[in-house]
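Multiple structures are listed underneath, in structure tokens.
In what comes next, chain A is part of two complexes: it sits with chain B in the first one and with chain C in the second one.
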Partner chain A sequence: MASAPGYQRRLLSLLAPPMLWLGVAYLGALAALFITSFWTVNAYGTGEVVQVWNLDNYRQLFRIDVYRTITVRTLLTAVGVTVIDAMLALPIALFMAKMASPRLRKMLVVAVLTPLWASYLVKAYAWRGLLSDSGPIAWLMRPFGLDTPGYGLTATVITLAYLWLPYMILPMYAGLERLPDSLLDASADLGARPWLTLRRVVIPVLWPAAVAGSIFTFSLSLGDYIAVKIVGGANQMLGNVVYDNSGTAGNLPFAAAVATIPVVIMVVYLALVRRTGALENL
Partner chain B sequence: MTEPSIRLRGLTKHFGSVRAVDGVDLDIADGEFFAMLGPSGSGKTTVLRMIAGFEAPTNGSIELGGVDVTGKAAYDRDVNTVFQDYALFPHMSVQDNVEYGLRVKKVDRDERRRRAAEALASVHLDKYADRRPSQLSGGQRQRVALARALVNRPKVLLLDEPLGALDLKLRRSMQIELKQLQREVGITFVFVTHDQEEALTLADRIAVFNEGKIEQVASPAELYETPANPFVAGFVGTSNLLTGPSAVRLVGREGAFSIRPEKIHLDPAESESLQRATGVVREVIYLGASNHYVVDLDAPEPVSLTVERQNLHGASDQSLRQRGDQVSIGWLPEHVIALTEKEN
Partner chain C sequence: MKSTTLIAIAASATLALAGCGSSGGSGSGATGGFKAPNIPMAKSLGEGEGAVNVLAWPGYAEDGTNDKTIDWVSPFEKETGCQVNVKYFGTSDEAVQLMQTGQYDVVSASGDASLRLIAGGDVAPVNTDLTPNYADVWDFLKDRPWNSVNGQMYGVPHGYGANLLMYRTDKVTPAPDSWSAVFDDASKYAGKVTSYDSPIYIADAALYLMKTKPDLGIKDPYALDEKQLQAAVDLLKEQRKSVGEYWSDYLKQIQAFTTGDSVIGTSWQVIVNTAQGEKVPVDAVLPKEGATGWSDTWMVAAKAKNPNCAYKWLDYIISPKANDAVAEYFGEAPSNAKACDIATEGFCESYHAGDAAYAEQIHYWTTPIKQCLDGRTDVQCTDYARWTQAWTEVKG
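Let's turn to the complex of A and B:
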């Protein structure tokens, strides 16, 4: 096959369109973003980009406290969402892969996937309704002396955790399906109670799959700016700074510099998780 | 101590409408090397899994050393298992795999180290302690699984098709090793196999399973020489089954009978006092150490017997018979085994 005449040419023609897309449209846009972040706008507030190389945008990012606060807030939100999703996904995936009957398992996979078809905006606004002062969460909690967390950072974390949960469940479920039942039997056979088996066998074997899921939940949370607008109250994320600067404030180079932060964080994160073998689990 | 190591009474397991195990009664003595033999789906593995505690019986009881453990979880039973796929923990080194059971039981570090080293030495793997299971061959993984189970000094070791995944040569050498190991540690070994040769080679006693029930429990020689019924005769070794008119013609009585191929003489000398018949060679199967001849007899209804003959003289031997040859065969009357047919 490989030596057949014209094989190389046919392969090239087949791969050229997607490679072109990846190279020009995808990486090209990223490169444009990076380059723009070293430019500036003219001083008249018209938002016109001046192509003069300088580090002013980054200097401003590091010098002004509010941007550091927003970066830390965004990072912590993404970490919180990832941890919550991991803790919710583990028992769900465990039940789906190891306990449910084949019929129930299929239904659960569908149930996990279905929300992905619903519009992001609708789901975020649904949470706005749930969390509102007169919403069902307030109604449920008040008899216990509690209340809805209201709109703010907590609401943002809850909403994002809801939105990205399927991206954590699916790799974990796949990872657990590959985990032979005999390993669980062997652990029990050697005297380990279920909790110990979970800690010593299930979680270590599942770790790469969980990290694979965290790449999704973490990066999607890092870049989000809509959920926080809808349920986050006055809080701002990096995404909001990007949005405001590229839109109303009209400072595209500064927006590009801000947008570089999550990209850098993700590159660092991916470099760290590469060692766990998680990238083979995506 | 007259209590058996394992006592099963009325053990039953249903999976939905399937009776995987159907009323098994069995006593296994202390220190016995016991085999559960049967075709796939006969319930032998399910019985093993119930003894280990991985499956709860639908009915019946399991006693270990005189103590009823029927309702106990696997982690509360003093048995250890060698799994068919070895089930080694992939994220741990060989050393940590072997130490796992001791770590769970909070044995202190030094003793853990010492006992794990001992166990690995007993299966000749002391040099592999730092490797990952994925870096070992099938035979080595098998030994790690053995060491991981034996290091806990269980009263009973359960082995699920322990040699099933190994090639023939390795199986043979592992069989010898297993037998030596069992003699050294002196605990009860119970293993499941579908390989009758393996069961005969290793076990002190064998239970033959069929459709969730035990057909016969006996020593290898007893099982081979006096099978209780046609199923056992057919499953353990090769066997010529005679029923109906051909039984009457060849044995002289009504009933079901079995004659082993190696007990039938081909072209016997005139002087020997044998029951005799004549027939035509339909098939010659060369097996290396011996030949199998399928001989069609001119009995009232067509019957063919398999006759085994040692290759004492080599392949060029003049006495080798060809297809279509007219031959005479004979056997000693005491080598005809009467079988009790199952009532259906």
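Let's turn to the complex of A and C:
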């Protein structure tokens, strides 16, 4: 190609800004985070970072039990949110992709997306109102001898599952749309009941899409610290420890060390996910 | 607080960048004697810049949006032409962090923030000759450890008060008169107890232990050696079982008391007043053990973009009229003696304003440091970093 150099130059100028953005703002920030976690702060609590290389932050993370407790709590919350979202999203996505008329399908896609237009805070505070001691959930449950779960871990899981549900439905819907109807018909012709078809045909096709959705729900839950502040009662997550240490204590290096935990968890998770082929489904 | 920071990922990214930026190592003698960085003081004032960015405790800069009759910001704007932009903060830690961004001209700093701000070079010494109303401030508020260094004032005293025990009058009977209601007897209201979400709250537990467990030898709730801190932490861990939520956002606190999700816990007079204004059945007491509290100082940012308007604000906010208005609204003793001349009948008496002896009994928020503040030299005390870590452990 005679115009190769010109073409390459144009490609470069087109890609340079986004690549710079990705490289500096995202990866650069991650690198800075990692480096900072090996530094420390001066003694007076002014948050002045002292660039002395040491492992104290990580030593504290491993030695002090509370950080392990918080890590496990955060991890379980993220898993809980992901499982709940997957279970809620499956029937909705299946209906949207395979049963709804094209017209209804479009309306459902809009309906799934609509909550994303509202502010995160509005939705979180709405759940605070719903779950309150004098809120509608308590009012509905009390005649049956039940009560609102109140503010706490359950409330956090419910709120986060609500917030991230669209991120699970959409990839699942996209995955199911690619599933040919003929496969379902063939399964039925061979005598499989709906349940068996779901298990042997739908789920295997859906699996990579579900894993793709779980990357969103899992990682978003892992880093969240606002919902837990609003509905989590006295609980704290890894995000809160990061926030408290960057704000309250002015200890950025330690906050950076804590922030490394979810990054490591996500790297491990993504490495596992890669095998399922889900990354091609994002 | 929450509306500005939304996504944790973004937060950790900025965190990393901030970590990179603040690497200049101009060590300001942290150990040993306290030495303030050399920040120039204003010598004279010029014309107002047309705006001033105020970082304040909730209720310190009311412009009538919360309550039409509560407005001392608008008269200031009319008088000086300085448009006031207010940002509220919920904890001293947040105040320090926000001041470090350099976006604010003035801050109302409590004792646990002021020294950190001075040490960090975030605030400048204040030339009190440029704030004529300073002359009327009670002498016992001037040149104190939390607002001055070596006789140089770093701000103007604003007011002082105590952290109160607030409760729902319909749910908590009999009315409490002791902090034991949220410590030893907290289980009575399990799940409905609320505490202030800041490491400085450890001092509240220490104060309670100081009165109930004299063998621990606590003399000052901000000077705790490792053993005393552990006792306070144990007490707080016990309390944790009954805590419904920790609060730092005062609006969330009001809401929790309104809905009954919280029925008893530490609070401020301004929260009591606001809740009562919304017809929530709450009341508050100053428990018999005494209380922790605050003595606030208006400080000027070292790199204030609007230094003239900042000084005008300092002088205005401690003028008798404004000082009285803030004090009555927030529920604290004013700092200006003349504020009491125009205050509502009996107000200054009820807050013991100007009573130096009473003011000495409130344990004002102070940043704990390794040198014991109570004068002990045979032992090392726990510093704020240790308190922060302990606070994380308390919450679990």
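The working rule: the second predicted complex is superposed on the first by the 277 of 282 C-alpha atoms of A that agree within 3 Å, B and C clash if a C-alpha of one lies under 4 Å from a C-alpha of the other, contacts with A are read in each partner's own complex, and residues count from 1 in each chain.
Note that in this section a contact is a pair of C-beta atoms (placed from the backbone, for glycine too) under 8 Å apart; a residue touches a chain by one contact, two chains touch by 3 or more.
Being a predicted model, the structure only gives us computed values, none of them experimental.
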Combined model on chain A where chain B meets chain C, clash or fit: fit
Chain B versus chain C as contact partner of A:141, first or second or both or neither: neither
Which of chain B and chain C A:224 touches, first, second, both or neither: second
From chain A, separation angle of chain B and chain C (C-alpha centres, steps of 10 degrees): 160
Chain B versus chain C as contact partner of A:20, first or second or both or neither: neither
Partner chain in contact with A:267 - chain B first, chain C second, else both or neither: neither
Chain B versus chain C as contact partner of A:116, first or second or both or neither: neither
Contacts of A:12 with chain B and chain C, given as first, second, both or neither: neither
Partner chain in contact with A:87 - chain B first, chain C second, else both or neither: neither
Chain B versus chain C as contact partner of A:189, first or second or both or neither: first
Three-chain overlay, closest Cα atoms of chain B and chain C, distance in Å: 36
Footprint overlap on chain A, where chain B in one structure and chain C in the other make contact: none
Residues of chain B defined as touching chain A within the complex: 52-54, 73-75, 79-81, 83-85, 87-91, 100-101, 104-105, 148-149, 152
Of chain A, residues touching chain B in the complex: 180, 182-183, 185-193, 196, 200-201, 204-205
Contacting residues of chain A [partner chain C, same complex]: 25-26, 29-33, 35-36, 39, 41-51, 60, 64, 66-67, 69-70, 120-121, 128-129, 132-135, 150-151, 223-226, 229-230, 232-236, 239, 241-253, 255-256, 259
Interface residues, chain C side, partner chain A - complex: 2-3, 6-9, 11-20, 22-23, 25, 27-28, 30-31, 91, 93-94, 96-97, 100, 116, 119-120, 191, 198-199, 240, 243-246, 252, 255, 259-261, 367, 369-370, 383-385, 388-389, 391-393, 395-396
